[in-house]
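Heads up: the structure comes next, in C-alpha cells.
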Amino acid sequence: MRDLVLEIKNLSIRYKTDLETVYAVNNISFSLEKGQTLGIVGETGAGKTTAALSILKLLPERISQVAEGEILLGDKDILQLSDVEIRKIRGNKIAMIFQDPMTSLNPVMTIGEQIYEALFFHKHVGARREDLEKRVDEVLSLVGISPMRKGDYPHQFSGGMKQRVVIAIALACEPEILIADEPTTALDVTIQAQVLSMINELQMSLNTSMIMITHDLGVVAKTCDDVAIMYAGELIETGTAGDIFCSKQHHPYTEGLFGSIPNLKVEARRLNPIPGLMPDPTIIVPGCKFAQRCPKAMDVCIKVHPQEFVRGSHRIKCHLFQKGRDTDE
Amino acid sequence: MWRYLFRRCLLIIPITLGVSFIVFSIMAITPGDPATMILGIGGTQEDIDRINQELGYDRPFLVRYGDYLYKAVVKHDLGTSYQFKTTVWSNIKQRLPVSVKVTTFSLLIASMVGVPIGVLSAVKQYSLFDTFPTVLALFFAAIPTFWLGMMLMLVLSLKIPIFPATGIASWKGYVLPSLSLGLPFAAQQLRFARSSMLETIRQDYIRTAKAKGAPENIIIWKHALKNALMPIITIIGINFGLILGGAVATETLFSIPGLGSMVVTGIKMKDIPMVMGGIIVLSIICSLIMLIVDLLYALIDPRIKAKYSRGRRAAI
Amino acid sequence: MINRKTCPMEDNSQVIYKKPSQLKEIARRMKKNKPAVIGLIILTIIILMVLFAEHIVPYKAAITQNVKNRLEPPSGVHWFGTDGYGRDLFARCLHGGRISLAIGFSSAAFSAILGIILGSIAGYYGGFTDGALMRSVDVIAAIPSILMALAVVAALGASQLNLIIAVAFSRTPAIIRVVRTAVLSVGDQEYVEAAKAGGTSDFRIIYKSILPNCIGPIMVQVTMSVAQNILAAATLSFLGLGINPPTPEWGSIISESKEFMRTANYLMIFPGLLIILSTLSLNLVGDGLRDALDPRLKT
Amino acid sequence: MNRDESLISADKPLVETVDLKKYFKVRDGVLHAVDSVSLEVYEGKTLGIVGESGCGKSTLGRSILRLVEPTSGDIRFRGQSIVNYSKKEMQEMRKKMQIIFQDPYSSINPRMSVIEIIAEFMIVNHTYDSKRACLNQAAQLMDVVGLARRCANVYPHELDGGRRQRIGVARALSLQPEFIVCDEPVSALDVSIQAQILNLLMDLQEEKGLAYIFITHDLSVVKHISQEIVVMYLGKCVEKAKTRDLFSNPKHPYTKALLASIPMPDITMRSKEIHTIKGEVTNPINPKPICRFANRCNLSKEICNQVEPPLKEAGPGHFVSCHFA
Amino acid sequence: MRKMSIFLVIALLVSLLSGCGSSGVQQPTAAPKDPVSTDTPTAPKREDLNLSVTTVLTSIDPHFSEKIADMYAFRQTYEGLYYQNELTGEFEPRIASSYEISEDGKTYLFKLNENAKFHNGEPVKPSDIIYSFKRAGEHPSVASRVANVDSVTEIDGSTIEIKLKAPMAAFMTDMCGVYILNEKIVEEQGAEFGTKVALAGTGPYYWSHVDHANGWTLEAFEDYYRGAADIKTIRFKPISDASAGLVAFEAGELDWYIAPVANWDDLVANTEKYKTEIVPANHISVFVVNPDANPALNNPLVRKAIGHAIDKEAMNIVGFNGLAVITDYMVPVQNTSSDFDLGIIYDYNPEKAKELLAEAGYPDGVDVGAIMSWTGGYYEKMAQVLHTSLNEIGIKCDLQMIEQASVSPNLRSQNYDIATYGWSYYGDYSYMYTRWHSSQKGATYVVYNDKQFDGAKLDALLEAGAVEMDAAKRTEIYKEYNDMFMDTATCFPCINKVQTYVWNKDLKVVNYPNFPEIYNWSW
C-alpha cells in the first residue's frame, strides 16, 4: 500500500524580473511515500532547488510565482496556507537541509541556540526549557557532535561538522519529511561518505521520508528508493532506483548523464557526453526541450511536447517510446 | 582578547605621533609667526623678534618639533596658548566635554533615528514605510550641516522661538546644534542600515531560520539585525569622527565653545600649541572610537572575537 | 547559458574584432533605475546651466555692484533677488556653481587618481609597501577631515587650486582604502594569477586585470566623494577659508548671507537648495551606479 | 594501446620536482602546505594529483609554475632547474608551462571579451608581430577548443561554465606550451559539460603531445585521464603509483578510504556499507614529525604517532608512505 | 522604484516651492515675542546684566591683551590713574585724585586717592603704581603707552612722580590706559596671571569667574571707593556669530547688544520693545597703498587715482548699511586735536580718477596687484567695493583675502599692494605717532623713504605735535602734517565706524563710542 506523505501535482514556477521571465519549473508531478527517499537528479539550472523551496514556500517572494499546481501535504495544499500555518509546518513537519553549510548557519548564534530555536518554535504547550535543552543534547549526539559543544559558534566547526549541525537543526523536531538540497556537494569525499551514511541511518531510525536533491548519480544510487530526473524544469524520467539504474530503457538525456561519468570499473578512452547546453529557460519551445541536444531526435520531437510513457513505476517523457510501448521487452 | 586590546591601544601611539608631525608641518608652513599674532599691530620689530625667540620660534623646524614632543611626552605639557596664555590642556579640559556632548547627542539622534527606520524600511521594502524615509533620507544626506543649522535657527529660534540660538546654558542649547549635526548623519545611517539589512536578509542563514519556522519578527530582530549591525557599527564609528570634526561649522554657527571651534580659531590665529593640542586630542578620540568599534565587533561577532583572541598577528 | 540577444548568429569564419563596451550594459541598468535617472537629469541640468552660465547670465552680473538695488527680493528682473552689494543672486549662484562643482569634481578626480595609484600599489604588492602606506593613511584619516582641510588652506592660502588640494588631501585616505580593499578582493581572483602565469607585467595586470574589475566600488566612492567634496568646500567657505571674493561660490554666498538671515533669507535659501540639489543628484547617481555595477543587489 | 607501458619507455621526465616544499606563515604558525613532494611528469603523459581540500594539491601545482615561490626544493624542466630563474627568464619559461584553473568563473577576466582573453598572453609576450595577428591566432584557437567564433566579442559572463573553461583551455594553449597544470578544471562543471572538457583535454594531449598535471579530488576523473597518480594528504605525498596499480591495489589506508568513499552510480553496490573514516582533515600547521594520517587511521599504532613514515617503494613504481604497507 | 521616483519628484517640487515661498515673503515685522517685554512691572528689580562679545576671552591681564572682548571687561575691572571720558575727552580722576604738570612738561605729580582699594581689600600703594608702569613697559602690546616715561618714583606715601623723557601732549591719554595692578597678587600668580581669577584690579567690578571659552562673570565691588555699582553681576558670553547674537538678544538672553547693522532698520522699527542708539565709534577704516610695491603704485598719480576711485558712499551702504559716517580725516572728527580744515580731500570721482590715470601714463589701465583684506566683516566689504570701482576705471587688481593673524605680518613686512585696515584712536591725534613715525618699526604701514617723500619732515611734524602743549598750535602742526600726509596719497581714510547699540528698554545705559562703563548703568 502506498502511503503518500507528499504529493506534488502539475507544479509550475516562474521567476519574473523586470527583464525577463524564467520558466524554472514546468508542470512537474511526483509523490513521496512514507519512509522512502526520492532522489531528484539534474544539472545546474534544472529547477531542482526551486521545486524543493516551493514545498516550504521559501521562494523569494517578489519575483517568484507559482503559475499552477498544488503541493499536497496530507489533504492540505501547502500553496494555499497562510504565513502562520506554513510556519507551523516548516521545521516541524517538513525540514530542509541546505547545500552550503558554511553560509546556512547564523554566524553570531551558538549552534545550541540555533537548534534550540527550531524546537522552541514548535514546542508543545507546557514544554519547559530544560526539556528542550535536553532534546538539543540528544539531537547533537544523534549527529555525532558532543553536546558539550553546543555553546560553540559555527566558525569553530569544520565544514562536515557544520553540515551535521544543519542536519541536527532539521531533525530536531523529528519531521515527517526531510528535504536535502545537495547536502554533500560542498564536502570532501570522505566527509561526504560520513554524512551520507549518517543521513541514511537517521532516516531509517526515524522513519522519515526524504527528498534528496543532487546532481551526483552516485549519491542517488547510495541513498534513494525512487528517482526523478529533471531537465530544464521538467521531470523527464521517474522510477524506482531499479528502474533508473538497471532498466535498459532510458530517456536519451539519462543515457547521456550516465555516459558522462567516467566509470571506475570500465576503462574507456572517451566519454560520451551530451553535446550542447541546456536551453534558455526564458524561452518556451513547443516540442521536447531536449530535442536540440538529443542524438535520437526526430521531427516530432521539435514540434510536439512528448507524453509520458508509463511502464509500471517507470515513466519516461520521450517520443521514442510512444509507439513502441508494447514492443519492449 | 586583552592582549589584542593592549596592542590596539599601543597602535594609537604611532598614529598620534604621525598626526602631530603632519599638523606641526602644516602649521609651520602657514604664513605668519606667533609674535605678530600675539602683538597684533602694536609693538616693534624688536618686540616681535624677542617674543619669537622666547617662544623658541626662531629655531629650526625639527628642533621645535622635537622640543614639542619632548615636552608633551616627558613633561605632559602640551604647551601654552599664544592667544590666551593659558595652558592648552586647561583649554582642552574645558572644551572637550562640550564637544563630546554635542557629538554624542548628534550621534544619538543619528543612530536612534537612522538605524531603526533604516531597518524598518529594509524589512518593509517597497512599501510606504520604505519609500518615504528613503526619499527623506536622500534629502537630508545632501544638506550641508551649517545650512541646516541656519535653517533650524531661522525657524526654531527666530520665527518660532523655542530653542536658543546660541550657547549651551541649558539642555535646550544643545538641541539645535545636535539636530543640525545629527540629521544629515541620521539620513546617512538610515541609508546604510537599510542596505546592510537588505544584504543580510538575503543570506542563507536567514533562509535556514525561515525553514525552521521562525516568525518574521524573530528573523528580523534576532537573526538579521545582529549580523546587519556589523557594518552599521562601523559607519557609526566613522561618523563619530566625522561629526567630531564636522562640528566645526556648527560650533561656530551656534557659538558653542567646543574643540572644533578652538582649533579653527587656532588655525586662523596661528596658535600652534592650541591647534596641535586640539587636533591631537581629536585624533586620539577618533582612534579610541575606532577601538571601541573593534571591540563592539568582537561583542557581536564571535568570529572576530576569536580572531582577536588568537594573539599574535600573522607576520605576512 | 548563452544570452542569445548578445550572441547573434554570425558568419563563423569571420572574426570581427570590435572593442565591445560594457558601458552600454551599465547604462541599460541605470536607465531602469528611476531615481538614478532623475538624479542624472538634475545633475545634467545643473552642469549644463553652470557650463553655459555665461550665456544665461553674463558673469558681469554676478560681480557688478549696485548698492541702490541691494537686498531686493526675488522678482522678474532678479530671479533670486540681489545680495548686500546689489549683485544679482541668480547670476552669482549660477557662476558660483561653476566653482563649487569644479572644486567638487576636480578634487574628487585628484584624490581618485592619487587614491587609485597608491591604493592599487598597496593592495597589489602588500607587505612592507602596504604596511607603510596604510599606516600613513591611518594617520591622515585620524585627523578630522574638515580640520585637516582647514589647516591646509590656511597654510597654502585661499585660492581655488589650494581649496581643491586641501579637499582632495583630506579625502584621499578614504579612496585609498576603498581601492585597496577592492584590489585585495580582486587580487585573489584566479585570472590575476592566470595573467601572471602568462607572463604579464605587474603594471599591465593592475590596469588590465585588476582595476577594470574593481572600478565599480571605486567609481561609486568617487561619485559620492564629489558630493562630499562640494559640501566640504562649502563648509570651508562658510568658515571663511574659501575662495577670494568677489568670485562667487555657493558656500561663500551662504556665508555672506548669514547676516541677512532675518531680513533676506532667500539669500541663503537659494544657494543652499542648489548645494542640496547637486549633492542629492550626485548621491542618486552614485546609488544608481552601485546598483548597476552590482547586479547582486538588485532583486 | 597500452598506455602504462609507453610510460615506462619514456626516458627522461619533462617536468620534475625534488623535495618541493611550500610553507606559509599564518597566524598560528607555519602551514606546511606542500611538504617534500617529488614527482615526475613525462612528455605526452598525465600525472594525476588527488586529495581532499586543503591537502596542498593546488599549491603544489602553482609552485611548479612558480606562481607561488616554493620554500625549498627543486623544480626541473627538461632537467634544467628553474627555481632560481629570474623574473625575465621565468617569463620565457612560462611560454612552455601553463595552467588551467578550477573555477571558470573567477579564472577569466570578466572585463575582457573572449577573444581578448585568449589573445592577451600572445600580446604581452609579443608572440606575433601585430595585435591583429594575435587576434587571428586567438580566433583559430577558438576553433581548436570548440568555441564558436561568434562568441569572440562576447563577455565571459554571458557564457556558461563549459564555454568559459574552454576559454581557459584556449588561453593556456595560446603560447603553445609543452606542459599544462590542470587545477581541477572540471570540478565546478556539471557532469555532461565535465565530460566534454575531459574529452577536449585528452584530444589535445593526443594531438599536441602535451604533458599534464591533473589536479582533482574526483577519483573517477583522475582514473580516467591519468597514467600515474599521486595521492596527497596534508601536504604530503602518501602514495604514488601507476593508475591501474593504485586502483587495483591501494596500499595506503587513506587511499583505501578514499576509494571506498566514492559513491558509485550503481545500485548493486548498495548493500555494501559505506566505508567511512573517522574525523576530518585539519590544517598542517606546525605538524609534528609523525604520520599525518595517524589520527584518522584504523590501523594506527604507537609507531605512527612517533615516527614519520618515509615514502618507500612497495612495488614496481608504486610508492607508499605508511608503516604498514 | 516607480513609487520612489514619484516621491522624489514631489519632494523636489515641494522643497523648491517652499524655498521660493519663504524667500519671496519678507517678514521684517514678524519678530518673535520678546520675553522681556512681557515682564510684569511688579517683577523684582534686576541686578544682573548679560552681555555678549564676539570673541572668547583672551586673558584677564590688561598688560597682555588689547583685544576688544577683553577690553570690555577691563574697563569695568581695572583703572588707571585717570580716566578719559570717551564722549567729552575730559580726564576724570580715578586712582589719582589730582595731578600737576611741571613747567617743562616733563614731570607729572599724581596725588593718590586714599580710598582707592584693590579688590582684595588692600589699599593702593605707590609701589603698586611703580610696579604697574614698569610691567606695562615690558609688555609689547601696551609698551607704547609708557615708551616716553623716564621714571616713576614715590614722593611720599600718597604721591607719585612720573618723569618723561620729553614733553608729551598725549601723555595723559596714554597714561589712562596703563591699568594699575596689585603687585603682590600679580607676582604671586606669576605666569598664571591672566588665566584665572585674580583680585588685582581697583575698578567697580571684580572677576568672579574666568572661563575663557564659555563666558566670564564680574561682580560689583562693594567696597569701591566711588560707591558700589547698581548692577551687581555682569555676565559676558562669547557669541561669534552676529546674527545668532541678535537672536539671543531678542530671546532675552542678552540685555545689551551691538546689533549687526544689517538688522538695524528692523530693530529701530521695534522701539516699543528695545531702546536703540547709534554712537560714532573712535574707529577709522582706511586703505593704505604701498608705493614701493610696484612701479604703477610708485606713481603718485596712480595712487591719487585710486584715492578718487574710493566710493565711500557705497562702502558705507554695503559695509554699514549706510549708518556709519564717511570721513576724510585720519582721526574721528569728534576728536578735539583734529579740529582743522582739510587741505586735500579725495572725493569719489571716477572721471577724475581716469584722467589722473591717463596723466600718469596709463590711459588703458594698469595692473596694481591685489587689495589685501582680512576675511569677513566690513573690511572685506570695503575691499570688494574698491575692487569693483578700481576695475571700472581700468585699474586692474585682485582681492586677496587672508586670515586676521596674517594681516599684520604682511603689513609689517610691507608685503602688500593695497590693504584695508583700521584703528581705534584713544583720544588724541598723537596716536598717529605710533602708527606713522619711522621709529615705530614694524607698526608703520608705509615706509617713507626719502626718494619720493620727505620722510624726515613727516617725522619731524609728528615729533613736534607730540611735545607741543598748546592746543591751538598742535592743531596747526597736525593740520600741516595731515595735508602733507594726504598729499603722499598712501593712506585714504574712509569710514568712521558707528556702534549700533540696542538694549532692554528697562535698562538705563550710558553708551560710549568704544567701551561702556557699566558702573553708570542701572535697571
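The first chain written gets the first letter, and so on, giving A, B, C, D and E; residue counts start at 1 in each chain.
FYI, contacts are C-beta pairs under 8 Å (C-beta built on N, C-alpha and C of every residue); 3 or more make two chains touch, one makes a residue touch a chain.
Because the structure is predicted, anything quoted here is derived from the model rather than measured.
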| item | value |
| --- | --- |
| Chains contacting each of chain C and chain E, listed by label | B |
| Centroid-based (C-alpha) most distant chain relative to chain D | E |
| Interface with more contacting C-beta pairs, comparing B-C to A-B | B-C |
| Centroid distance [mean C-alpha coordinates] between chain D and chain C, Å | 48 |
| Chain centre separation in whole Å, for chain E relative to chain D (CA means) | 86 |
| Where chain B and chain D are represented by their mean Cα positions, the distance between them in whole Å | 53 |
| In chain D, residues with contacts to at least two other chains | 160 |
| Where chain A touches two or more other chains, by residue | 62, 277-278 |
| Touching two or more other chains - residue numbers and ranges from chain E | 4, 8, 15, 241, 243, 402-403 |
| Contacting residues of chain D [partner chain C, same complex] | 62, 65, 67, 90-91, 94-95, 98-99, 101-103, 106-113, 115, 120-121, 124-125, 132, 135-136, 139, 148-155, 158-160, 163, 168, 171, 174-175 |
| Chain A - residues contacting chain B, complex | 56, 58, 62, 83, 87-92, 95-96, 98, 100, 103-109, 114, 117-118, 121-122, 153, 155-156, 166, 169-170 |
| Chain D-touching residues of chain A, taken from the complex the two chains share | 43-44, 158-161, 188-194, 196-197, 200, 215-222, 241-242, 245-246, 256-264, 268-275, 277-278 |
| Chain E contact footprint on chain B (complex, rising order) | 31-33, 36-48, 51, 83-87, 90-91, 94-95, 98, 126, 131-132, 134-136, 138-139, 153, 157-161, 164-169, 252-255, 257, 261-262, 265, 267-270 |
| List of chain C residues in touch with chain B within their complex | 35, 127, 135-136, 138-140, 142-148, 150-152, 154-157, 227, 231, 234-235, 238-241, 251, 254, 258, 261-262, 265, 268, 272, 275-277, 279-280, 283-284, 297, 299 |
